[in-house]
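Following: one structure in structure tokens, then a few remarks.
Order as written gives the chain letters A, B, C, D, E and F; numbering starts at 1 within each chain.
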Amino acid sequence: SRDSWEKDVPPGVVTGLAWTASGGDILFVESSLSKGKGNLTLTGNLGDVMKESAVLALEYIKSHAEELNIDPVIAEQNNIHVHVPEGAIPKDGPSAGVTMVTSMASIFTGRPVKPRVAMTGEITLRGKVLPVGGIKEKILAAKRAGILEIILSKDNQKDVNEIKNIYVEGLTFHYVENIMNVLELALK
Amino acid sequence: SRDSWEKDVPPGVVTGLAWTASGGDILFVESSLSKGKGNLTLTGNLGDVMKESAVLALEYIKSHAEELNIDPVIAEQNNIHVHVPEGAIPKDGPSAGVTMVTSMASIFTGRPVKPRVAMTGEITLRGKVLPVGGIKEKILAAKRAGILEIILSKDNQKDVNEIKNIYVEGLTFHYVENIMNVLELALK
Amino acid sequence: SRDSWEKDVPPGVVTGLAWTASGGDILFVESSLSKGKGNLTLTGNLGDVMKESAVLALEYIKSHAEELNIDPVIAEQNNIHVHVPEGAIPKDGPSAGVTMVTSMASIFTGRPVKPRVAMTGEITLRGKVLPVGGIKEKILAAKRAGILEIILSKDNQKDVNEIKNIYVEGLTFHYVENIMNVLELALK
Amino acid sequence: SRDSWEKDVPPGVVTGLAWTASGGDILFVESSLSKGKGNLTLTGNLGDVMKESAVLALEYIKSHAEELNIDPVIAEQNNIHVHVPEGAIPKDGPSAGVTMVTSMASIFTGRPVKPRVAMTGEITLRGKVLPVGGIKEKILAAKRAGILEIILSKDNQKDVNEIKNIYVEGLTFHYVENIMNVLELALK
Amino acid sequence: SRDSWEKDVPPGVVTGLAWTASGGDILFVESSLSKGKGNLTLTGNLGDVMKESAVLALEYIKSHAEELNIDPVIAEQNNIHVHVPEGAIPKDGPSAGVTMVTSMASIFTGRPVKPRVAMTGEITLRGKVLPVGGIKEKILAAKRAGILEIILSKDNQKDVNEIKNIYVEGLTFHYVENIMNVLELALK
Amino acid sequence: SRDSWEKDVPPGVVTGLAWTASGGDILFVESSLSKGKGNLTLTGNLGDVMKESAVLALEYIKSHAEELNIDPVIAEQNNIHVHVPEGAIPKDGPSAGVTMVTSMASIFTGRPVKPRVAMTGEITLRGKVLPVGGIKEKILAAKRAGILEIILSKDNQKDVNEIKNIYVEGLTFHYVENIMNVLELALK
């Protein structure tokens, strides 16, 4: 079913944009911590490429912990669990990369995400944000869900420019090159 | 075969509602603890999505242990086993999420579940209760089994409203948004 | 080939009733202990559901160790191995649950099983004994093998009642609701 | 290719009888120890049932270590490796059980196997030796390979009795019920 | 999409040459370190042969750590993660071997790779650089991407010699026999 | 492509003879050590039987470490990695057994292999060298590659004897029964 933006979400919850068989939709990525030894658990009916996005996101976080002001003790003495509702729907592809890294940075720092912000983009290990597909459908879904700001790869700007103005008015687009830009824009 | 509600069930036993090829049915989720290191074991011929529900439920419990008044020593020094009878029947889907988290909270706190209460709903990592399908069939099965109170996602209220009154009279419905509401309603 | 009851079997050996493609048969479940850390090993060409029965049986034993008078040191400092001869025959289904839990309780307590007793029934984590199929074929096989007492779920009594008297005379049936009843009836 | 009996084989090497697509053959089971923590490694292109025979054999050895005069320190501080030449030929079935348990007992005790002895039979966890198939083909192969004594399950005596005398003259048959009988007959 | 060379890349990022269904392309191999016990994690939708290249590269690095001036403490107290963007594209084959070993040597030594250098070649455990296929397509892609220097196996020189001069002018080719030559040429 | 013998190869590199879809070829087996706990890693696109050859070779080495003058500390405090170039070619079968055990013995003792020596043969756990197929094709390939001495199982002598003299002149054949003979002949 169609989801809407939600207010006052706790740290670890981030809104992504997904492109599904039935069109665009927003999706939430949720992270939580529990006492442990730094292991990663994943749920939400995720395909192999999407699971790799989560592994990649966690490696990025771990190797940039200092720049991100993450307490190393928290990262070492907790397991992190990442869930993408809804369990009945298989999900795959690399485009939730930015959403996953933002969710993990949010739960590790305790900083929640700003309201009405959504994002989509593949990440790389050195922090680049790569363009993804389905931009038009994702933007329509974001608008319908009450999103006001969208974070995208700089290389997706051309895709946004091709959309009729009526579909994008009221939306603010942030075009980024690096994960650090995403986190600055998204975290409170 | 058709099951009925049972009285004086021990902590860890919770009644869920299932939607099977042969119509609705009630199903039990059972949890037990044994000395160990916090591992989770699952039995009952469960599919991947249902197994993920159990992982998700345990992560929720672990990251909300304090709010749930769970002794951290009990959670760390025991393994938890979750079983869904009956072994010959394959089971899958996310709708046992609330039943699993209630079963785990019950065994960890030692608080049994109130009699004649059943539930169905998907859970998310931050505690949301999402709507599920097969509501009409599940309610008919619950009534047939002697259930008096049913806990559902708020987003399933519209599905209940569409059922003819004759099928729901005598039943009390609790529409919830968060797992914490489920636990307050279900645990003694 | 057809098996017969055996006398003076050591602790850990229990007679079950199986329903195979070629009719009913008795089958033995054997358990042994060896120095270790509480791990479970399974052999005998067992399918997934039958393996789950063994996991379930061991969890039941572990969480009821005190009631069963099992020395916790024995359970923690030994591995348990469960074997179901004969290796060339694939075996599956939940109906060996009571046989497995009895075999494990026997080896952990050192109490052998009474002679000429056989059993069949699914178990649940809280100790319920559920009814199983193929009752008529199993009883014929038990009689042929020289069995005198049969332990079954209370919910299988109706199936026994439907069998012509000539096939059941000389047999004593014990209808049980809980695993504890099985162990009281079967262990010396 | 056809193999022959071999003299002065070291501890751990035992001659079994196999029934293959191209008729009967003798096969060797070889075991070796190396410093470790009691793990079992298997090679030789073995199918699942044959791998289970090895697990079963090792469990039998471990739970009867004292009766077998096996130094517990040797069993705990070594890994055991079991190999069945020849690697290009897939092998399966339970009939190498007695050969495997004899090979393991031989390497753990340092006692080699008597010359010109071969064996075939399934084992169970409590030490029973069960009958196996292909007896006629196996006996012909044993004779061709220069074997003089053959160890079999008591329940295979009827199969030997059906073979024409000309094929079995010069061979001594030992019919056993228990693994302990096998080891007494086979080990020097 | 087509990629270009990038300036000021951090240690661990190396440009490889790939031969895909849609022609040649450059690809990046990225490595990062995070506190751990020397484990290797791989992402980027890699096939089995490409994963083996990474294992091989790490083994080469580990057994030549001293020659490579790698601080043994860094290698032992960190996990290494290797990623090959882009996650939606399956990648396989041995030709990224030199790129992977260079990426790992770069992150372990902290020495970045020289700009506008790309490479392709299979590696062996003793450090040989073996020739690979698709040389013409790879060189065209390298030129298009702004690469100026290309490192190849000496056994691929004949393939370069067969390409028309117009396609290779402005490019410098380095033909190597050993991984050590690659690292001397590529690392700053 | 066709390979040639190589001079001054380091310890751990051994020349084997392979029989492929496109005829005979020589192949190299490479081993290296790195600090660790005695684990074995395998690369080179190896099938299950060939992987088992490596496991078998290492077990042989471990259980004969003293006879082979291998420092037990080196074997216990290092991981061993075995690679068979070239990664794009799937390889399988037991005939690289002697090559693998020679490669491992070479790296553990630091003794390189004599030049222009190649070998082929299956091994068993007690050190027997079994005959293998494709002898004619392998010998032609060895000669073409500049090999002067070939080590084979004694049971392959009949296969060599059937080859026309012109194809074998200039080659010295060593027929062996045991791995120890191989190592004496091959290691410097």
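We adopt the following convention: a contact is a pair of C-beta atoms (placed from the backbone, for glycine too) under 8 Å apart; a residue touches a chain by one contact, two chains touch by 3 or more.
Everything numeric in this text was worked out from a predicted model, so none of it was measured.
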Field: Each chain counted as touching chain B and chain C at once
entry: none
C-alpha-based rotation, chain C on chain D, 0 to 180 degrees, nearest 5: 60
- request: Note whether the interface between chain D and chain F is symmetric in residue numbering, meaning over half of all numbers used appear on both sides, and answer same or different.
  value: different
Centre-to-centre distance between chain F and chain E (centres being mean Cα positions), rounded to whole Å: 30
Message: Can you work out the whole-Å distance between the CA centroids of chain B and chain E?
response: 52
Field: Distance between the centres, which are taken as Cα means, of chain E and chain C, whole angstrom
entry: 59
Statement: Each of the following residues of chain E touches two or more other chains, namely none
- prompt: Listed in ring order from chain D, and going the way that reaches chain F first, which chains are there?
  reply: D, F, E, A, B, C
Query: Quick one: in the complex, what on chain A touches chain E?
result: 48-49, 52-53, 55-56, 59-60, 62-63, 72, 76, 93-94, 97, 122, 124-126, 128, 130-131, 155
- request: In the complex, go through chain E and note every residue touching chain A.
  value: 1, 9-10, 12-13, 28, 30-35, 41, 43-45, 81-83, 85-88
